[in-house]
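Two complexes come next, and they have one chain in common, subunit A, joined by subunit B in the first and subunit C in the second.
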Partner chain A sequence: MKLITTLVTGLALVAPFAIADDGGRGLEIAKERKARDTGWGDSQAEMTMILRNSQGETSERKMRLKNFEIQDDGDKGLTIFDEPKDVSGTAFLSFSHNTKPDDQWLYLPALKRVKRISSRNKSGPFMGSEFAYEDMGSFEPEKYEFTYLRDEPCAEDMTCHVVESDPVDKFSGYTRQISWIDTEHMRAVKTEYYDRKNTLLKTLELSEWKLYKDKFWRAHKLDMQNHQNGKSTTIITHGIEFDTGLSESDFSQASLKRAR
Partner chain B sequence: MKKLLLTVSALLAGAGASPLVSALDLSLEAGIEGRRFLESGAYSGQVDDQWSLTLQPEVVWDAESGNGRFTFVPFYRKDFADDERTHGDIREAMFMTWNGPWELRAGIGKVFWGVTESLHLVDVINQTDYVEAIDGDQKLGQPMIQGIWLSDVGTWEAFVLPGFRERTFPGEAGRYRTELLVSGDAEYQADEEQQHVDLAARWSYVSELNGYPLDLTASVFRGTSRDPLLAPQVEVVNSVLTLTELVPYYAMQNQIGSTIQFAPEGWLLKAELLYRDYQLDALPGGIEVKDQTAAVGGFEYTLVGPFGNAADLGLLAEYQYDSRGAEYSDAQNDLFLGTRYVFNDMASSEILAGITQDLDYTGTRLFLLEANTRLNPSMTIDATITLVTAEEESLASIFRRDDTFEVALNFFF
Partner chain C sequence: MRQWVEKQATERAWIVIVAMIIAALVAAAGAGNLYFRGDYKVFFEEGYGPLNDFEEMQKVFNKSDSIAVLVVPESGNVIDETVLTLIQEYTEEAWQTPFSSRVDSLTNYQNTWAEYDDMIVEDMVLYPEELTEDDLSRIRETALAEPSLNGRIISPDTDVSLINITLQLPDVTDNTANVASVMDFVRDLSAQFAERYPDIAFYHTGIIPMNYSFATEGQKDMSTLVPAMLLLIIVLLAVLLRSVLAMLATVVVLVLTIMATMGLAGWMGFFLSTGTINVPIVVLTIAVADCVHVVATMQYGMKQGKSRKEAVRYSLELNWMPIFITSATTAVGFLTLMMSESPVFADFGFLCAMGVMLAYVMSVTLFPALLSVLPVGAGGRVDDKAPAMAHFGDFVIRHQTPLLWGGVAVVAVLSALAMRNEINDVATEYFAESTAYRQSVDKQADTLSGSQSIDWAMYTDEAGGISNPEFIAVMRDFTEWLEQQPEIDHVSGLSDTFMRLNKNMHADDPDWYRIPDDRELAAQYLLLYEMSLPYGLDLNNQVNVDKSAVRMTSILKNLGSVEIISLENRAKDWMDANAPGIRLTAASPSVMFSHIGETNMKSMILSMMMALVIISGILIFALRSLRLGVISLFPNITPALVGFGFWTFISGEINLGLSIVSSMTLGIIVDDTVHFLSKYKRARMEGMMTEAAVRYSFINVGRALLITTLVLVLGFSMLAFSAFRLNSDMGIATSLIILIALIIDFLILPPMLLWLDKDKPEANAEEQTSLKGEHA
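Presenting the complex of A and B:
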């Protein structure tokens, strides 16, 4: 008995700010969120990305996204840029992984060259936007440690679970993320990102949700506000199609060279 | 005539009704480029200012089925100073089709092999369009049939390359040239000359080492060398033996190449290895032809947001080696140090600056600075500064007076 007391006290001393014991509730919510979004197969979407600087000037990028679900690992994604025209044909391939850093490549059409993005660059901006490369990968519970914080009302008369997610990867640009997940459909409707100094860096709000295949919710508007530099990025999805006949071989370095 | 018109309009109408035309994509890239050379040329006839215009339309037709495509990309540059730099090329005219792990391409195209930044050693499929850019990044379209197969043990590619392209060289008015002009009449070791069919194959594989990505490739090539050996032509002019021009001699070669890229955390460690076996020992004029063992390797390390803003800073270092020595190569014992500053701004601004120092001739070095940004959604600007310092004995001395400031405006329609 004394031994147990000593052990517990010792732990408390070593990690006074250790993750609150939420009885595994945070992880449970994350797993349920992932489970509700499993089985969608493949999808293709057209998007417009609007970059806004602190003076309110805007710049638009048009792109297409192809996604392929991988059952036992993270998903595969291919993003092809159409505008501005000087980057037309530039393509970004990512293999998200559960337990190791994502693989990411960029294809530069003028040189016909595929370049690997080093795993540390994941915290860098995606095509000059307020989204980081790591924000573009799929949600995989294995990438975080979760803490359930509370339930509270959130946007559009919903109730949300508020969950903290701490990235496991030391090269993540974030110490933690706070997500609001609506209790009815388990969709992350808002996420706050805290930088390496644990200061609020960005807020992502997802809206204009639509239901696909009677099961899968997709947000058609993503607003990322950077609180530190005053810049923001909006991604508007114009349409998503599921079961488009994509196969895993459409997501390779070879297929990246014919992406358009 | 009327019948023809009717047929054409019927075709157009038919095409308009089909979804095929919606998959037809037309675009055009045009450019204006100005170069200012900071010193007068080393050789007679060379200009100090060089203006040119470029046009590059692109036609892409995607098959309705979603697994086939035809691309057509002609290119033309009008250079107002150097007639040899005024040239056209079909960069791409390629049919491609794919199905699951298979892909087949036939036509004219471009293929890039390699991982390093300062030198492209193993990249052998396409001929260099040297008058476009001295760094070798611009290539001439190569006729080819290419097969690709994705397997569990890597990606396999095979190439049949009918039709050889000769390297472009500047004319008398041009800069970055040899003192003697390069003849337009090339000589070949192969009896079939430009009709010799070259063969190549490549294997690439993504592996892992200690949990970090390891990218490997191995390649072979058999055929006419893309790198001409330049043989001085001796003629009797007014009873005096005179060197008149350089004749490009394209020898037969076999080569094996390999690239290795390892990506632990913020690092990209890269190497390219090449062994090239020429199928002759000496040029007809007696100049020795040496087999080549060459390597380039180094690292790229990226600092994300080091200045507290969105910008990334990349640090690059690469070492270049060539067994043939300084008489045959200007990348024989050289160190490249560079930095890439990516602004991550709306205009996609970037600056790349680097210096290549020859370690055999310490007075020989090349400084290069490239900056580019987007001025508006359909216009970009590139600025390039090239500075050459060279000892007289080093190969690079032919460029010693070719310091350049270059600006190009690119328009996208």
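Presenting the complex of A and C:
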């Protein structure tokens, strides 16, 4: 039985780009979205995460992000936590993959050790926020099956393609996501997440877009609202820089301990 | 006013009938606005302290409303391939429950262990169909060693296991339909699994099933008790009035009164709940008494040779004032319930008061009009002035001294006993053993644990403060302290998690099962752990956003409010003594019900005082005698005291339902006193000596009092059949007190009058003798 499960999962993973009954339009949009965001190289940024509960209490996390683009596979990312103070220096390394589960490690400075994180568990909250790791990783079309739904007007006088993406990974926390992708720049400006019982769980809205290197759009404000528990999280990104001279060797388990 | 109504009711009977029926139907149309709220929160006022604490905790952490599925295999062992497969499948399916946010079970418990230098976080059981004997014993060992599982998710002898589904119900006033959809889903799921696994039984407990029972049992009462009550009344009336038409007229009046009462409630924006669902029964019961008085007097008049219309007018003339007074006192008794801390009882009081006054209006307008046009017979009923009552009166007069002092002694003893009752609300026992909810709760108590809980929130007021080793030590000590308390069945907290992670980080060395040495270490362990948890199984239900506070859940035995409040107080004392810097709050529906009983009792004592003052005032005014008013205090106050004295033998516990009984019954039992004393007073005015006046009262109202008491006692006894204990206890206690009131009015009040009112005769002895001769 275990063998069968593994086989089925494997098959699902190596059979990407499954054609949905929209004549492949959804996939086309996803590929175009990915293509528009290819070739950015590497980047660094600072991030503030603001968590709110329905009582109105807030809490802030601060972190730095380093990203490195990998051609033909998922990107590599390194997140260094600065605040809260207790976890300052903790670093999170992730290798995103197209067709197999992502690899993740965490460096704990107080223990001076690197620990691998089970790849199955990527749908839990990131730092106690309303974002799951799953929501923050790089966009890889192979991870979903797409269905084009319609075009409609969306935020800031734009027109959007509305596309449903069903996660291929059975450990995903979602049954489906619905994304609004603006037709001009192919940016996902809004995404709705539906939980395992196919009920709307969260809505992510991306705003304050800026253009980098004349080609790459980055949102500087991400608002995630959880509709079921009333909590929300805002991520504000500042000082994105591209071509910062990072190399792939800066993204290794060994480099984690040096990160600061 | 009276004469005008009398005239209309008899001379223009049809117009009155049509007008009143139309008015009643217009009022009744409002019933369309009524809706039923099965929510337990109806018992609590917005802003009620313990409710606030609960809601604050729900907002700071996640909501904790849940439904627990108890899995009971016939084999008596859950650690086997079949049962684990079932639990895993059930867990998977349970994520589909409407509004569910997490599912905790034996199979999806996030087991952590060390593997080389890594910490693995994984479901306890991933592939149940390929488990080896070794795997099974490892699972057993891990489950029993894990504080959060042993005694909560699995019983120590592994014969039952529990699947807990946590829900985030929307923030709306009325979640009745949502609760029902959750219940339907889970029951359906259990039924499907029970079919596939015939050797395994499923039970549902928790707040959601309790809520659901509040709704369904309440509605069941409405659809069974009310018709049963009507039937009972039809039979009683047919027997007592010996006239089918008089009975029919009464039933028409009763039904219209109920419809109008509930309809007006709808127009006014009231809703129905387990607390107000009894309004029809109560109003029905009390309205019968009004009608009986009117029809009895009318039939008496007809027997004396009056025409039907004359008899109706005669009856109205005689009953106008007494019915008004008794209705008013009853309404006042109900109205004082509006002081209740629990909004549904306030609603109950108001609606009953309104119903009682509507019944009064109906019984002096529509009812006489109906009696005027229907060919109602005089009835074969024996004369009101039955010799039996005269003999009984003589008996009381003969034995007045022993009756007085013996009676007072019995009253004193039983009243003293009343103080031995305890204010106690056992929320799990609100439902009769015949209900599915109660059977599930009892099953869980027999096999695993109680099904009540208290959530404890500990606030450090410092961001990240929960990782401070000193605070973790407080958590651990508090957890240990709680474990030792007799009220607690199970408790586990984040301190256990910290210690386990520390062990995992040190290659599972059991020596490292202890609190991490420093704060950064603890915080980073927790971060790693949080990053490793899958969808839905995160720590957000235990930790707040800035990690300054934790919530831990303790499972209690099925206890009453006394024990729960005591535990809460001791826990707060412990925290004050051991960690004064930590703010501790306790909250849960059980805590709320525990406090409302006590708070409500205080407000009800006040309401009873008020009812007593107002009603005594009405009595003094109605009887136009301060002396009689003061004497009436005795038969008005003591029935409740004696009734609660008896209650120590029946139950000894005063719950939320019983706390309203005193005020409510006061208004009803006063009627007996009013009737008896008003006849007595009239006799004295006519110049009779005390003894003769007492006999006169017995002869004139004895039988009527007996009949109305019979109707009231039977009516309120119907509530005893409610599967909802707040209602059944209230019904039993109320009928008990009404019965006692009549006994006191018959056996102690007359000797009291003979003793306290035996001053100078108001007329000469001759007249007295002649009167005595006339009636004996």
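Couple of notes before you dig in:
In the analysis below, the second predicted complex is superposed on the first by the 240 of 260 C-alpha atoms of A that agree within 3 Å, B and C clash if a C-alpha of one lies under 4 Å from a C-alpha of the other, contacts with A are read in each partner's own complex, and residues count from 1 in each chain.
Just so we're on the same page, contacts are C-beta pairs under 8 Å (C-beta built on N, C-alpha and C of every residue); 3 or more make two chains touch, one makes a residue touch a chain.
These numbers come from a predicted model, not from an experiment.
With subunit A as the common reference, subunit B cannot sit beside subunit C without a clash.
In the superposition on chain A, A:112 contacts subunit B only, with no contact to subunit C. By the touch criterion defined above, A:124 lies against subunit B and subunit C together after alignment on the C-alpha atoms of chain A.
Look at A:103: by the touch rule set out above, it reaches subunit B but stays clear of subunit C. Of the two partner chains, subunit B is the only one touched by A:255; subunit C is not. Contact with both subunit B and subunit C is seen for A:171 once the two complexes are overlaid on the shared chain.
A simple residue count on subunit A separates subunit B from subunit C, and the partner touching more is C. Of the two partner chains placed around the shared chain by superposition, neither subunit B nor subunit C is touched by A:23. Remark: of the candidate stretches 115-123, 151-159 or 205-213 in subunit B, the one overlapping subunit C after superposition on chain A is 115-123. Of the residues of subunit A, those at positions 51, 53, 57, 59, 84-87, 111, 113, 116, 118, 120-121, 123-125, 127-128, 171, 173, 229 touch subunit B in one of the two structures and subunit C in the other.
Interface of subunit B with subunit A (complex): residues 27, 60, 62, 66, 69, 96, 98, 100-101, 103, 110-112, 114, 137, 148, 150, 155, 157, 204, 206, 211-213, 215, 261, 263, 265-268, 300, 302, 304-305, 309-310, 312, 343-348, 374, 377-378, 380, 410, 412-413.
Considering their complex, residues 1-2, 5, 51-55, 57-59, 81, 84-87, 90, 92, 104, 106, 108-111, 113-118, 120-121, 123-128, 132-133, 171-173, 196-197, 199, 228-231 of subunit A touch subunit C.
Only residues 51, 53, 57, 59-60, 83-88, 100-101, 103, 111-113, 116, 118-121, 123-125, 127-128, 171, 173, 229, 245, 247, 249, 252-255, 258, 260 of subunit A touch subunit B when the two sit together in their complex. Per the touch definition, subunit C reaches subunit A in the complex via residues 56, 59-60, 62-63, 95-101, 117-122, 127, 129-130, 168, 171, 463-464, 467, 505, 518-525, 527-528, 530-540, 543-547.
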